[in-house]
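Consider the two complexes below, in which chain A is the common component and chain B and chain C are the respective partners.
The block that comes next holds the complex of A and B.
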């Protein structure tokens, strides 16, 4: 499997890899091209323009950032996603520590319960969640949406952190025990500092999940425009009668590129997240 | 030692778990309990409000808590008569004769594949085999196709599709998963094999670039909206076809095309996951095995089928199971592309209306909340069982069963 490939094999391999690279990148490239096209056209009859930038303008970006509510949507999404991520990590860390370090009655049941909750997709919980939120007056409210996101994110964060605490050698805490540190001291002074990279990663995962979520946001905050998240806003933009395609593409580029960079950064931790199903695979 | 053991231990554990547990109780468990209650009622567009004078509803129903329950002219909702009517409505015809017969036929057609699997497993360890495992699989597949033609699998499939929307979307989603998985796996494996060859220059570059679709799947709804432009009447595909004077259709308005496109786009999102996971598996296979095989004169194909694939199994099986589950729950990818369409008739699920898309559409189209509650409970039971099975495969709860 690891001998030097023959020339023919090498050419074939490069051909496949280059073709796949084009397949992987073209949709994004298409969006970038369309975002720089003057006018409200998504397509250009100039075929070369579908593949290389024949014309370029920043006009779409300028209109989007100054005229529409786009920036408000981004702000809403940032608020919701950040608060969801931070809150789920704050509530989940101590639980993850307990599930990793202690053996107690109900521990197995708790872990199974986590999995049961993970197995239940958010869309299916829409009916009861919408009822509860409208009953307590949080329907069409960002905090209501955050509560709905918490259902999935809290379990995900707890599980991720439990897994990470499992990998931290217990020796350090034992040394602390001998010096008289109780569980709380050892949690605060030993485990938490060691878990810092995982805390950051879990927060980023939570942020990405909140940023890209569409279905719950679409139902729980249907109106007004100024309260929508960016996914819902952009989706609605793509379904208007006179679609401002250039602006849509510009928005898509601005929404996707940052999250792409974040993803490539945390990608090394993905394996752990996948086993819980909290990250789409 | 205070707090690690003895009397104080319980208190400490409670202190640690309390925030997490409280959050889960409020955000996850209560909605689920409420959902089970809703699934037993006729709540919906015509009976939206609870009867707060009823003691039971006063406790369970949050709209009753604040003292000013919503009032409407419509009659308040109550339990279904019989109580499990919503469940019966959804599953109803599955236990009728025709659907069971169709299921039986499908099972018969599937049998040869099971036999092939068993034979390969039984004789897998033999050093000398008259036929290789691939031939056994192909033979099983051929027999399955013939049997399927004999018992009439297409008719059986159509019978299943016609025995209720719930069964229809489920059967269609399972078909979708079955079509997707081999494609995901094959493409992921090919790319992983290429990237694992250390004589290839630029591996790091390709490894990073080919992951990009996976990153895009975190904003799946946006990327799917971009994807659907390619398949419009005046989309990129048709523009290219126009050069050779072919006038392409509006692909997403055709049921079969729409299905194929949803598979293709999901392949785009998912192959990096397979590629990266399988690459990790490939790198853990010791090189000595290949060297030994080389000495024995085994060619590339022999090495692939006798060393690589068997040793890849522990990695491949869990990711296939996990990915089957996520593919079954596919939502944003389809919604951005087709919204479950194309429409085939009033009140009928569209051509690509998979389970989650169907659930989502039903919630705000028919607003039959009671029935959707039952839908959620049935799917929950199924998904939970599948997750437990996938755990047995991945064994990630090792900690739970010490």
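The block that comes next holds the complex of A and C.
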């Protein structure tokens, strides 16, 4: 039988939790403070200024938006991330449904192959991916980058969705088929609506994969500036001789917002999707 | 208007129209304020200035016989002339550019409205089409014929019978199109198809239509008021010749290049800082290709428009991107058709299955609030910044090797005069600039190089004018004097130093010329030279980068800025004072202000101020000076300095104004300053401030009146 914690233990527990929360949130708070600090400075000699906004300017945001191609980078990232998410969900859904519902030759081998592909370090695939994209004329092209992302994201989406479809009783689809629905109709009108939580989860992961990825984007779209994604653009900004720290921090704050919006949009399905999918093979 | 007459569907339609027009206007205004000056804009703006001068003087002969750029009809340029007249003929180039662009943007927005009245969705597509936004946001000749050709086709389509008001409007609009730009005339085929096959107009009516259009074309094109046939033939043949010219051939565009222009959003690549939003040009093109299927059954004239314009674009050898604007309205109409049919199909499916309603989550309120706040913040912030930049650019103009006869974009030194002119020392020779005698005449340049003058070397690092109005050019390999006719050259053999590179020149109040070199300093009284080095004088270093003369009641003090500090010579007593202990970097510029204080610009140690007793330094650590490398300081009015600073480890610089307390910076984001590294600042006789730069020629600021 568990004893209730003592007051001292509770205080200690909450102190640790508060400290860990502050530890986790301070980098974000630091970026927000730096984004409003005048003079392109990352730090301030004012100790209080490291924790609370003792001075504030919107100049960094204004400069970032009007003097750089930051919004173009954001646009490119939005394009890449959205298409990656949509395409991986569309293909992953049909793949996952097929692996879950149909029994065909090579099904087990296919699933194992997918796992093996997932385990393969993406960085090792970089050279062949770049060569293939060069050969088909998609190097330095957003669609090439989306294809590269999808190669990794599709495996994850297929496995997650396959696991989720396994949890949906096949009886529902069979009942629909008795009423005259074919396999495609039962997939579209019965299975898909029931898989909404996992669709939301894979969409969010697909979007995040396309939005925050740096390595492939840096290699596959090295130039021009107008084609870079936001992470590559920000990295380039941080590698200038005179680093505009204030603008960099403002950019870091702004790149959070799209992810936040996607999260808000799909959050009503997220909990179910995260807890149910993928636990049943 | 009573609420009963203006409610329900009409109100919604009105709101949609307003929204579309606002988007079109905002994007075009945005482009007009932010786009850099494009290839042909100076040509059309110059024509606008010239037309404005002729119109302002009532000189109709000047309008009719204007010889420049006659290959294009006059109407568009006349409109820019009117814009110049409105803002004043003595306006700055920048303000006239903005005025012209606003005219262009207004016409472009009007085209959006006209198309939106017929088909709101097509109007919306036209509003965001990046090629159209770009070329109707600049001083190009596209905006007016784009609007007029669209109006001509749509009015003809609206015409119910021959000689109704739409018939006349269409013919007049076609005349305006022809009087604006010939490349929009492929719409004649569309109009002919509409009138003859769909409206069944008789041949006699078509002839009347053509006659009205021709009269309008002639009446609105003053160039043709005299000797019309010959001038029209010249104009048309020019285009045929031009299409085969080396200029066109050198662009290397294949025959299918127009397909590239319209299937991508090239302005997004050319100007990512302006076209940051999703360029839908490619999508519109694809939608239009699909839409041709429906248009062939419902509005065949749209397909005729697409096919004839596309054929013209593919066949015509000149492939400039702006030519595709003749096709874009038709693409928007066909694209809108695809969207409409697709929407209807999806709506039918959704009504039956209600699949999307179940699948797509409704966004929560927090999502809507954050999205709205983000969009609002971006639009407000971006618009404010754009307006600030546009206003900051007023009064600025530029001399570069591309736009003038300036010998090099690296300008080391300048001296004002004679008159309103300027003498410049550049990487590729010296130059004397004087303003044009009239606005329609070019400005005057005399360029001196080692080949055509007595300059010992092309690299002119310093210039000065002595009391006898002789010009002195200090070069990499010696000194040259120019009296307006003859050259006299001086070298190391004259002043007795080891090398002849001249870095600084200054004329004393006694008329003597002081020379700073990399091996010491020298002074010349017109007859003899006297030299100063570490070994023979109190000079702290032999590399003399800058000089300043401080007249005193008895005689001059001469300040020497060197690589290792500052020395001061009292020319009366011969006494030297050493200031090297207070300075840790080379001193590249010295200025005595109205209060007699000395300002010293250093290579990395900020801006120093000597008030006669102590040094005070303005550095990035203790002030808002942009950078610690200070190439130039000039007191533009008592107590106010302009300071040219350089980025320490990269290209470019920032110009700053310092009034003793606050620093204000001039950068490309808030002014017309080019952002290049400033090397020299001079005020001319008219009060204009000239900033010679390392990589961008000369930036000129006319103080706002």
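To be clear about the criterion, the second predicted complex is superposed on the first by the 252 of 281 C-alpha atoms of A that agree within 3 Å, B and C clash if a C-alpha of one lies under 4 Å from a C-alpha of the other, contacts with A are read in each partner's own complex, and residues count from 1 in each chain.
Just so it is clear, a contact is a pair of C-beta atoms (placed from the backbone, for glycine too) under 8 Å apart; a residue touches a chain by one contact, two chains touch by 3 or more.
From a predicted model like this one, the values you see are computed outputs, not experimental measurements.
Which partner, chain B or chain C, touches the larger number of chain A residues?
The partner with more contacted residues on chain A is B.
Check whether A:204 is in contact with chain B, with chain C, with both or with neither, and answer first, second, both or neither.
In the superposed model, A:204 contacts neither chain B nor chain C.
Is A:260 in contact with chain B, with chain C, with both, or with neither (first, second, both, neither)?
Both partners, chain B and chain C.
Figure out whether A:226 sits in contact with chain B (first) or chain C (second), or with both, or with neither.
A:226: touches chain C, not chain B.
Could you look at A:120 and tell me whether it touches chain B, chain C, both or neither (first, second, both, neither)?
It touches chain B, and chain C stays clear.
Once chain A of both complexes is superposed, is A:32 in touch with chain B (first), chain C (second), both, or neither?
neither
Name the contact category of A:62: first (chain B only), second (chain C only), both, or neither.
Once the two structures are laid over each other on A, A:62 reaches chain C alone.
Please work out whether A:252 is in contact with chain B alone, chain C alone, both, or neither, and reply first, second, both or neither.
After superposing on A, A:252 lies in contact with chain B but is clear of chain C.
Just to be sure I read the superposition right, which of the two partners does A:138 touch: chain B = first, chain C = second, or both, or neither?
In the superposed model, A:138 contacts neither chain B nor chain C.
Which residues of chain A are in contact with chain B in one complex and with chain C in the other?
Common interface on chain A, chain B vs chain C: 260, 264, 267.
Can you list the chain C residues touching chain A in their complex?
Of all residues in chain C, those touching chain A are 268-269, 272-273, 275-278, 353, 355, 358-359, 361, 363-364, 366-367, 370-371, 374, 378, 381-382, 384-386, 389, 624, 647-650, 668-669.
Across the complex, what residues on chain A touch chain C?
Within the complex, chain A touches chain C at residues 39, 58, 61-63, 65-69, 71-72, 74-75, 79, 188-189, 192-193, 196, 200, 224-227, 240-242, 257, 260-261, 264-269.
Inside the complex, what are the residues of chain A that reach chain B?
1-5, 10, 13-14, 16-17, 20-21, 23-25, 27-28, 30-31, 42-43, 47, 50, 88, 90-92, 94-100, 102-104, 107-108, 110-113, 115-121, 123-129, 131-132, 134-136, 147-148, 150-152, 154-155, 158, 166, 177, 180, 182-184, 187, 208-209, 211-212, 214-215, 219, 231, 234-235, 238, 248-249, 252, 255-256, 259-260, 263-264, 267, 270-271, 274-277, 280-281
Going by the contact rule set out above, which residues of chain B touch chain A in the complex?
Those residues of chain B that touch chain A are 1-4, 9-10, 12-13, 15-24, 26-32, 34-35, 38, 61-63, 65-66, 190-191, 193-194, 196-200, 206, 208-223, 225-227, 229-230, 234-236, 239-240, 243, 268-270, 272-273, 276-277, 280, 285, 287, 290, 294, 300, 303-304, 307-308, 318-319, 322-323, 325-326, 329, 331-332, 335-336, 356, 359-360, 363-364, 369, 372-373, 375-376, 379-380, 383-384, 386-388, 391, 394, 396-397, 399-402.
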